[in-house]
């Protein structure tokens, strides 16, 4: 009767198993979002309330004075902290959009940064281009946003329709190629439009005053929170829809999707456009927050960073991308502080040299997460619940060692 | 005329360098399905240690260069094998995670090299002959290009022979497809994979030392510069096809030379070539039919 | 009779943390064919894989008296175990000849035997194995195990997907092999079992539920029906409700609840 | 049974490299027929199914489905037009649950399969169709299992459930019994008969002769890429070439 | 709010520069120069008229995003002065923050012309591209009728140099052509041919980054030096080895190298640096000047940003390179520049002064 007794955990175990056994297919840690039928009735409500509470909590943060030494640079109402948190949330929004493409649809793109950059540079250039126009500045601001959005969609459609003609690594490389072209273009500074390697600075003539200056950082914080919530809702909506399910199925077995009469291309195209447009929206937020854009956000390295963030957070979980974005940004910031600290300076060279390189620590941490936490940070609760200490592959290794 | 010849031969030299990096990349990808983002780091560490040893033995001489090359190959092989043994192996056939590990490793090691050797390039000396030129039909060709071309050709032939003539080649090709079944035929497949990594690492190591000759410096970013082109070449050539990578290396490099010279847009042209090749022939020039 | 070649005691196997082989114990005699039977999903394949160390396992497995349950797979195979996996698992990108060459462990592999048994695949030596038809692939898979001199063969559903004529040929090949090497055979085709098997072990729900001589099982319709769910004529299954009730109706008195459980019985 | 041919193959030929895989295969399958396809391993049966379903384009000849030339149409278009198939080795969505596997097909059949404006629910019609299909093949209790965790035989059943949910007009079954335990053969046979009884046209490649003979109206025999004969089961069984090339001594 | 602070309160200064990242070495030289300058300007007290300078050093990692976050953080905490950075892109971003938040910003060694005159809150402590270019022009005497080819990378830096040459030498009657090379290019031999084919009177090379070694080798192998004088900017100590065989053939314009100036301030700086185990380098004066400017702003500025701006505009002072003036119109730093050459010293190459170019001769045109 052991079989019956194990039924409860079987579902989780098999779900987890599938995550590993499909490793050789398109995604490593495939989503393990299966919930039991009984639990699913109550959970949406709990999640909804929890989600709203979280958003409200984040929204009133600038009005509070919470200080987490070592994590935040100062109390939560200070501009420095709000800036950092806003930046983290925009990166989280970007990561979320990337997760939809990579985690859900299995589209491993190396060019996601292109769309983020398109949002940032697009809005920056639109604002500059509109600058002398005699319209009211609110209208110019909104008009620029709209123009950038349209630009993002068109760019996504163009790149998507070409890149999606191939799959797998080839897809990754075509997207990389486009992103590289974009990056080169931005660095070349055609007609002085992008500022080249010096970056683009925001022309604030037509930007609402409420979004300019350190004193208004909390408005920018709310803007970033808004972007994150918006991206989350869109991603949630798409993932829950039939299109989302087909995308997941396509990731698993594309031929089979065709054989049941669905054209996978449509769904992949849709996901690509939505994810890319969301990235562009996050990019616009970034331009406003930073009062400028640097060519760094168009590079392949930046896409790799997003990939790292998504995996760090947990590919299988939507909120993993958010957690990853926030943890990564905070770590990046704090490790820099650590690297410059007297404590590190006092260590012997063997320890000092590596520890004073923030990227070394981040890279190492990332490796450890991939090796020992296959579900990422968001997967930790699941691992504790299912009580599995080891990944099946590890035990397999152990078995033949 | 002499300009065209110059462009072609220097293109070949650059292509040779691309190939030295791409060969290991292609080998590792083709046989193990691992897209190795740490390959640039194998190259860099080999270049650094090769240089450190070479200059202590005899700086700027053939003898010193030979020592550097040998040390570089050994370092590349050892580091790559260690990477496989300690990191890649644990992730049993989960290719995406394996690639991610190498991404992390690439990030971490570049930072580490910066910590050890600093952020500035370190300029290196080379044997006198290599800094001279040979005149062919009016074009003054830098001599080190010939060295690069010769080494790349040797590496190509060597690896192809290894894969075709040895039982290891067979095991490796089978292991890519179904590792547990190879084990079930009584073969210790893990050792073969370590060997693949070591060979790829050795090629990268040689590439690293030669790259430092070509560029005239070593720096923490030596590998990253070449890696992206190596990726492109690998993909254009057809993932896993060594001869494809060789052909693509030459085509891309020569194309790049001409485009850079005449339109100042070499990198654009390479990118467009990549997109075009993949859209017309998704498997690349010489890719195997799935 | 001499010592059994394979002795399994208390073997447990897990896949992804789930126990699929439970406390299985049986022996494979040093000669002849032992059939491992049971309905879909009872753990036959998993048992074979546990023996080979292809899945996480515990318990005692002895090959010719020596413990092999701690060895890695390739070492077990090197001790003289041939394996024909369930899904053929030939190397699709390699040629047929390369597939065979890879399998050769012996100094003098039995190439003539292979040529004689499977002239068709011999003729297709240079073809990429992935483009072979299903049946041809199955032959390559078998050939890989037969090319070496083994002490034991583990053969998992070798006739699956084969044309009737080839089924016969495979059966003949196996019978021929069985003359020199003991075989542990998983097989669904009762004709083949009847022809080849000397002893049978029946699994259900990951456990051994019957061991005995082949005739003990095969000559007893009630047992066949109970353990394998097979009844006399294939065609007289209830036509009206070909759903979940069918197998239950076929053996209403089956005492082993686990049989029904392990297949398609809901609730 | 009507005489209207729902599937027509005309002079289908296929060459890959130098090899001739299919040669001048012409076949008319009337609506509602159950046609068995037999032949030695490597005869080209699976390849023929691939040509019909669009996985491979033939180098010669045409495929007509329901009177329409579909030779150049992509796979999904043919499927949408009512052509369903299974694969010789199970082809599923391994990380999705059993229910989701089937529900996807039900959705594809119902239309709006890729809509962003529809969200699948436990209560919707597609789910109901899917659950019913699972019950029919006896997988209802595994609905929430992830498909990769099924044993071989269960995967075969899942494939058939997907077909049921898709409700195709023409069905191609590639060795549905391969690997199915003898005990379950009758049940699956019944499921297939049920599929057919709904008026659907079924083509089935199968090596289990009892199953073939018990189910089909006609049998097509393939050999070396050619169609040797299409005839009643009795006539085919009596054919000496079939006897020697395919059946051997066993029957 | 700045007015309310009493006169004895410490002044908060935030120094943002690269401690890690690609330009960390420049950041290091700047930092050390700053410390020397502070020591010099405050006579070793570190205080200005008894007021403490509360100086915080922050690492921008060479990343503009990090720099902006840091700037916002310190501005939020009430810093009064921001200074630093060696990266042009960061300087541009910080200048923007300074303007938005009405804070004094003194840019570091970043050479971009864009900083000069960008807004009233932004100053610079180093030279700008224009001054480099003008110095290069001093090598050909009267530019009228001469042909100058600018050999540069196709980046903002290279484009800026080309624009500078066009404005300065083109304005004086020279024909200016650009040979711009894609930034990722690694093979320069054909471009060397292109330079020769143009047969110019002067080649001005504006190059940054690691590929310069290969570039110089190519020029020397193809015989460019035999055919035409080549001018370029002499970089920091680490790059002296980069010119290889070409070292002796290149004419260098120079912002600064150790020993170029021979002023008292230079002696003080060298002494301070050597005590710290460092050597004077290209960007040491920039840090030194920044410290002097901050001290001036605090001393004369009356604790308001407008006061500090007023204190700096038109400020003329003696520094490492001699007399320097902050031009009131656009905050350009009017300072002398140098001509230099490299000479072999054992296995190493060391710079040697050829001439000092008067500050006014190389003063950039007023920006804006």
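A, B, C, D and E label the chains in the order they appear, each numbered from 1.
The rule we apply is simple: a contact is a pair of C-beta atoms (placed from the backbone, for glycine too) under 8 Å apart; a residue touches a chain by one contact, two chains touch by 3 or more.
Heads up on the chains, UniProt names are A, B = Branched-chain amino acid ABC transporter permease; C, D = ABC transporter ATP-binding protein.
What you see is a predicted model, and the numbers here were worked out from it, not measured in a lab.
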item: Chain D omitted: connectivity of the other chains; value: one piece
item: Chain nearest the overall C-alpha centroid of the shown protein atoms; value: A
item: Remotest chain, chain C as reference, centres from CA atoms; value: E
item: Where chain B and chain C are represented by their mean Cα positions, the distance between them in whole Å; value: 46
item: Geometric centre distance via CA averages, chain C-chain A, whole Å; value: 48
item: Gap in Å, rounded to a whole number, between the CA centres of chain B and chain A; value: 31
item: Touching two or more other chains - residues of chain E; value: 20, 154, 182-184
item: Residues of chain A whose C-beta touches two or more other chains; value: 10, 14, 17, 20-21, 184, 356-358, 396, 400
item: Multi-partner residues of chain B (each touching 2 or more other chains); value: 114, 183, 267
item: Footprint of chain E on chain B - complex, ascending; value: 2-3, 6-7, 10-11, 13-14, 114, 118-121, 123, 131-133, 140-142, 214-217, 219, 221, 225, 256-257, 260-261, 264-267
item: Residues of chain D defined as touching chain A within the complex; value: 53, 55, 74-76, 79-80, 84-85, 91-97, 100, 103-105, 107-109, 112-120, 122, 144-149, 162, 166
item: Residue ranges of chain B touching chain C (in the complex, touch as defined); value: 170-171, 173-174, 176-178, 180-189, 288
item: Residue numbers on chain C that touch chain D, as the complex places them; value: 16, 18, 38-42, 45, 86-87, 120, 131-136, 138-139, 157, 160-169, 188-191, 228-231, 234-239, 242-244, 246-247, 250, 263-267
item: Complex interface listing, chain E residues touching chain A; value: 19-20, 57, 59, 61, 63-66, 68-70, 72-77, 88-89, 92-93, 95-97, 100-101, 112, 114, 154-157, 159, 182-184
